[in-house]
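Got a structure for you, written out below as structure tokens; questions coming shortly.
The chains carry the letters A, B, C, D and E, assigned in the order they are written, with residues numbered from 1 in each.
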Amino acid sequence: MTTFLQSVLNGFAQGSIYALLALGYVMIYKATHVISFAQPALMVCGGLFAYHATSVFELPFWPALIVAIIAGALLGMLVERLALRPMVGKPVFTLAIITIGVDIVLRIFANRYMGPDPRSVPYPGGSNRLEFWGLSISHQRLGLIVVTAVTVAALAMFFRYAKTGLAMRATALNQETALAQGIRVGTMFALAWAIAGGLAAIAGTFVAATGAGMEQNTWIIALKALPAIIIGGLDSIPGAVIGGLAVGLVESITAVYQPDVAPWLGNNFALVAPYALMFLVLLVKPYGLFGTKEVERV
Amino acid sequence: MLTVKNLEVVYNDVILVLRGVSLSVPEGQIVALLGANGAGKTTLLRALSGLLDIHDGEITKGEVRLRDQPIHTFDAPKIVAAGLGQVLEGRRVFSEFTVEENLRVGGHTRRGGLAEGIEEVYELFPVLKERRKNTAGYLSGGEQQMLAMGRALVAQPEILLLDEPSLGLAPRIVAQIKDIIVQINERGTTVLLVEQNATMALSIAQHGYVMEHGKVVMDKPAAELLDDEDIRDFYLGRGDLATSYRDIKHYKRRKRWLS
Amino acid sequence: RGGGDEDSASGPGITEEACPDAVNKDNGCIYLGAISDLTKGPFAPLAVPITDAQKAFWKKVNEDGGVGGFDVNIDKYIADAEYNPEIHNKKYQEMRNDVLALGQTLGSSQTLAILEDMKADDVIGVPASWNSAWDFEDQILQSGANYCFEAMNGVDWAVANRGVKGKVLAIHYPNDYGGDAAAGVEAAAKANNLDFKAVETATGQDNQAGAVAAVLKEKPDLVYVTTGPAEMATILGGAAAQGWKGTVVGSSPTWNPALLQTEAAPALEAMYFQAGPWGPWGTESDGHKAMRDALAEVDSPSDGYTAGWVWEYPLLAALKAAADMDGGVTRENVVKAAKDLDSVDYEGMLPDDAFNQTGEANDVAWRQSVISKVDKEAPTGVSIAEEMKAGPTAEGYDYTEPCFALN
Amino acid sequence: MTTMLRSAPPAQARKSTGVRGRPLLRTSYHQDLALANTPAKRRSVIGLVIASFVVPFLLTDDLLQVLTLGMISAVGAIGLNLVTGYAGQVSLGHAFFIGVGAYTGAVLGGDPDGAMLGYGLPMWIWLPAAGVVAAVAGLIVGPLAVRLRGLYLAIVTLGLVFLGDHVFREAREITGGPGVGRRGAELELFGIDFSSMEPISGLSRGQAQFFLALVFLIIFAILGRNIARSGVGRAFGAVRDRDVAAAVIGVDLTKYKVMAFAMSSFFAGVTGALYYAVIGVFEPGAFSLLLSIQYLAMVLIGGVATISGSIMGALFIALLPRLSQFIAGFVPDGLISVFQLEAILYGLLIMGFLIFEPRGLFGIWTRIRNYWKGWPFSY
Amino acid sequence: MSAASPHAPSSTVSPRPVPEGHVSEPVVSVRGVELAFSGVKALQGVDFDVFDNELFAVIGPNGAGKTSIFNVLSGVYRPQQGTVEFAGTDIRGMRPHKIANLGMARTFQNIELFENLDVVDNLMLGRHAHLGYGWAASVAWFGKAKRAEVANRRRVEEIIDFLEIEGYRQLPVGMLPYGIQKRIELGRALAMEPKLLLLDEPVAGMNGEETEDMARFILDIRNELRIPMILVEHDMGLVMDLADRVMAMDFGKPVATGTPHEVQSHPDVIRAYLGPVDDATLAEVQGELA
């Protein structure tokens, strides 16, 4: 039982990272109907901003996190302005491929900065742990969970009460109609990318503060948020959070039990278990758990 | 007062669609714009409201002035903010939004009083109130048209461009829309009305323009247009002539004003 | 006919013309290829220093006059194969007509992927790996004990010095590198009456959840890790973070001093030991000193440099021997010369007889390793815990075929 | 419906002899439906074929191999264009189908004495079999496309890549496992060993493989065109543009979506088997998201829903690393390494292309053609 | 309200009375159809028959459920209750392409053409069910596929002539004027050689002249091709002039079915169109119409 609870706890913490990343995807999707494959690069850069802030500016963790969020948001806006804005109105799949180009280019600059060695952001209290009921969790992961909860709450408020939130969604549905309502489409795009960049930076900072830190291959983590957004529904904020946590949980529980329960699934099945979960969810709900159903009428 | 001078519009760098259109919409009036399918009416409206570039279109000549201020260089949001609202052709509601969300988006540029604005729209179109929580995409055609108009009204535009508001509406609703346009106008909104339903448009407009092939070919007070024989022939249909479609011969007629 | 340049005096990879930016303008040029892992593969932190050390090694050789009237160039044909056998093969195909030999072919499985072609082409290669398969291949010039013996020595040492009694877990890549070490661990476990279990794990930090879970579940006394550095730190850090305590011994490529800057540092200091083929960067020997001089500008030392440097000695010996043969330096002569080498002058970095290609593997294969511990003060983060020696398991091992072959 | 023949004269009655001044006048439906239905198209096709036979004698083997692999990829790109460009079902799962084909080919045509499973069957068995097995895999995932649309479908097919990757990693006897890999099928047809280093009747290995790939590309390009210009291709287009309307006029959505996936996967399977037979060694990591994306880039860069665009796109992507290498050669060292520069250029070129020419290479080609068509009357 | 004038009987087709005890079998027969969408009752208790060579019109205010009837007939929606019989088969819940293959064709209220395909391809798609070759023949092309393509292309040319759209053959339909697109949609439906044709607002958004053209095509289809039709239209002049029988609907329910004249003066219909009126106004309007 302790093993199970511990794995749930671990999954929850890891799932928070996925949830933050998933929220970033959802933000961009909500405003542009594009899946941004540049999210991994934004995460890596965010982590490196925090690294730079702690190691060069010698800031403590929390101020460094703020710096990273701001820098990440600016970077997101920059990317939108340079690479995506010229493409307004073009097919979304072309845009998706462009974001892949952005990802490649950004990550190379990041890699250049990193070099082959891992980079790590020190978290206050380092490896201190909180122990209860035979379970244990590091302070760093606890901080992650709290930060995620706060961020999610803030975003949900934004979309519920701010008219900008609605304007953003309207932009995604139909740019021309949105323009005709006086919505500044470009601003909406920039805003979405800024938020996504900031979210990715939070995720990146916490990734860099964990284990072996940030290195050239760490970006792959960001792809795990893809099944998360499908599970939750591409355009749903609660969906992204629940999807992200679900992916984290499935991954950690599968890692513990699958080798004994279903060894025939092979080594490391935990890595693809989120995709299996995604297939299951879609069998029942083609738009994910909370996704908006596309209206089709003739 | 909205004036258009000598406007030329080109799509995709090559397709010349407007060839020097001039017209003016005096303040407080309803002006009707008629023309066959493909004459360029929608294009003209896009040029007015800054929606050309999204269609790869471009103003290559001429100018548009609102209250003597040139606005053809503005982008769409700025034009809306300047008080020019447009109801797009073909309804274009946000299908995935509820009725109410659509109206809220319509009020994007409105400063304060969003709730009242929406309430006013509900008074004009009671059906929308009944359906306020429904997904807009599942409304009937007519309901969607009402929603599109309502959405534009929430922003309280000074000048409202209406692109074929009667399209696909039942006669009763057309009459209702007609009344609403008059009502809006009486409250001080200037209206430029693009219509195929010429009877309806000319019956409420003070002035009318007829476009063909990207040019204004006729420009007369509405009453005169209503009496014009050619206009009756081509835009009003057989109307009161009381002959059956069965008796109309299959021959191609020519528009006299084009020769 | 398609193909590479054929202007060479005596075959592919060797020209009368001087090398680009030659030290000795009058010498001809021998071109060595290097297929490494320079950007995003798991061993890039090691492979970049390895490659730099090898450039420095040959630069020094050239400064000492070159080999038989030729300078040696390892700069022109450098390829990044990302530790991927497919790309490795592709890169080899691209340079196969242009090089005399491979000054570096990084990775066990990667090298196996091109071995047949190398044989067909009479190209010898310096492996950047220590694999028991190389003891049975004449064209691969290996230095130091292979992963298999290294693992036996590591386990023997842990049993003797860390009180390991119950269970040993071998966590390894599912390739020839991981397989070789795991075979050694298994042999040593048997000899020491330990429970043995192997767990395969993929490359990438994000892929280690399964390995961590396995450690927590099996609760072994000893974990022997044969992965890349990042994976090792992730596993150790992750298991320690959830309360596991024990000993970790890693194969030599699992160490990267930069890990001491990460969150995993305290756990590493407490539990990690590295098995290795020779003394680290700071060791006192002529060879080590020559290397440190040649790489004086390096600001963060790494034992990648040490390995890269040591590995080139046998190739230098083979080239020198070929230069003295009829027909001089050609691919065929280099192959022949290498086959007959029974010792190599390592300038004290390894004993001369650590290299011997002339006898049966069981008789001549080198079985001695060193064990290092984490040491924040040492230049490369580790210092020797036990000097070069072969443990009882390795001593007694009947070595008639490679410890491990994938099939 | 016969009463409708009010004014339609039989097509043959319009036969005209004055072709000379009116090159675009077509006098029968047959002509209209022909592959190269304008003289300009005919001329350029002939020109291209001649060029393809001259090129191998001008280039070195390593460059030829790049082109060879590009032509083989083109077969896969045509396949992806069928499902994504023509039928509008965006698939990020192409890498999976390519992988299925590659392993089918490698197992059936692989060395029976090698470390991995291999049956040493001849090419005329393993190549079609690779296509068929991949097509069957396509048949299985096709039904997903019926339920899902747009990005949901795209990500689900992406999931296929990840699950496939897992299976490929774990099926060691077949694939060698990650970081190890295996050899591809033996490239031997009509007793000619296309992978031997020895010259084959005067042709180097590079030249021989080039011609082999060229022949396959021509065959599959024609098959692709046939699908596109027939009722099947039209039905794909209908499903893409308006699926409800398509169903209402009698197009079975399920059938055509599944068919699109199956056909596309057949092309992918053939590509996989052939590509890795030429490459030699391959490992499971090859069939990752990146590969799918490369194919999608080929389709987008080449031009959606065009066969010739797919070919141009594939060649462009195949040449891109070389092009980047070449450009990187002019950039001074230091700021970033050559490898990093190459990768950046790769990303930038893809982006640049899509930003400045969203209609793809095919669009550029059309523009050039239109320019010459109008010459000397256009500016 | 637009002109809804009575008309003189046509010279070509004799007007049909409401068939009682019926002359021939109905082409389509709808009984007790109920359709609801999460609360909204789109159709309730809809009954009607359409007979051979009949032009049956459905009118009603916006949202009355006219398009929903079409969607039920063509299989886009599955009604919760009732039966729909077409060509002697119960088609309720059958998938759209199966129904299409039984011979039902329709046009759409908002044009639903394949906008990236050219006019010929759009019309050829109407012939999809008549092609008669499968994927294998299509891959091979030469032989069966080619012959079928040529033969069907010939039929499509007949339709192009019929609808007078020769000039647009090779253009992608997305670029064409609205009126032409409407015509092409009609052509696509005709290409199916249907046993029943459903027209959803064919003259919406057209001016008088274009409406006349469309009316002429509808009459030609009726007189020359003799295809039974169901017409949904808000243009009362057109409906009252062309239809043999009219069904008026309101709130998903049929309120009156009969000859145009009968339906026109039905109190419920007038209410549906004018909104609640008192009896005096009603009588007045009826008088006006009579």
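Here, a contact is a pair of C-beta atoms (placed from the backbone, for glycine too) under 8 Å apart; a residue touches a chain by one contact, two chains touch by 3 or more.
On a predicted model such as this, the values are computed, not experimentally measured, just so you know.
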| item | value |
| --- | --- |
| Most distant chain from chain D by Cα centroid | B |
| Most distant chain from chain E, judged by the mean position of its C-alpha atoms | C |
| Pair exhibiting more inter-chain C-beta contacts, A-D or A-E | A-D |
| Where chain C and chain E are represented by their mean Cα positions, the distance between them in whole Å | 78 |
| Centre distance in Å when chain A and chain B are each reduced to the mean of their C-alpha atoms | 44 |
| Geometric centre distance via CA averages, chain D-chain B, whole Å | 47 |
| Chain centre separation (chain A, chain C; CA means) in Å | 38 |
| Junction residues of chain C, two or more chains touched | 39, 174, 202-203 |
| Of all residues in chain A, the ones touching two or more other chains | 111, 267-269, 271, 294, 296, 298 |
| Residues within chain B bordering two or more other chains | 138 |
| Pairwise chain contacts under the document criterion | A-B, A-C, A-D, A-E, B-E, C-D, D-E |
| In the complex, chain A residues that touch chain D | 29, 33, 35, 37, 83, 86-87, 90-94, 97-98, 100-105, 108-109, 111-112, 223, 226-227, 229-230, 234, 266-269, 271-272, 275-276, 278-279, 282, 286-288, 291, 294, 296, 298 |
| Chain C contact footprint on chain D (complex, rising order) | 59-62, 64-65, 115-116, 169, 172, 176-181, 197, 199, 204-207, 279-283, 285-286, 337, 339-340, 343 |
| Interfacial residue positions of chain E with respect to chain A in the complex | 67, 71, 76, 108-110, 112 |
| In the complex with chain E, residue positions of chain A that touch it | 298 |
| Chain B residues within the chain E interface of the complex | 34, 36-38, 90, 127, 134, 138-143, 145, 164, 167-175, 196, 198-199, 233-240, 242, 244-248, 250, 253 |
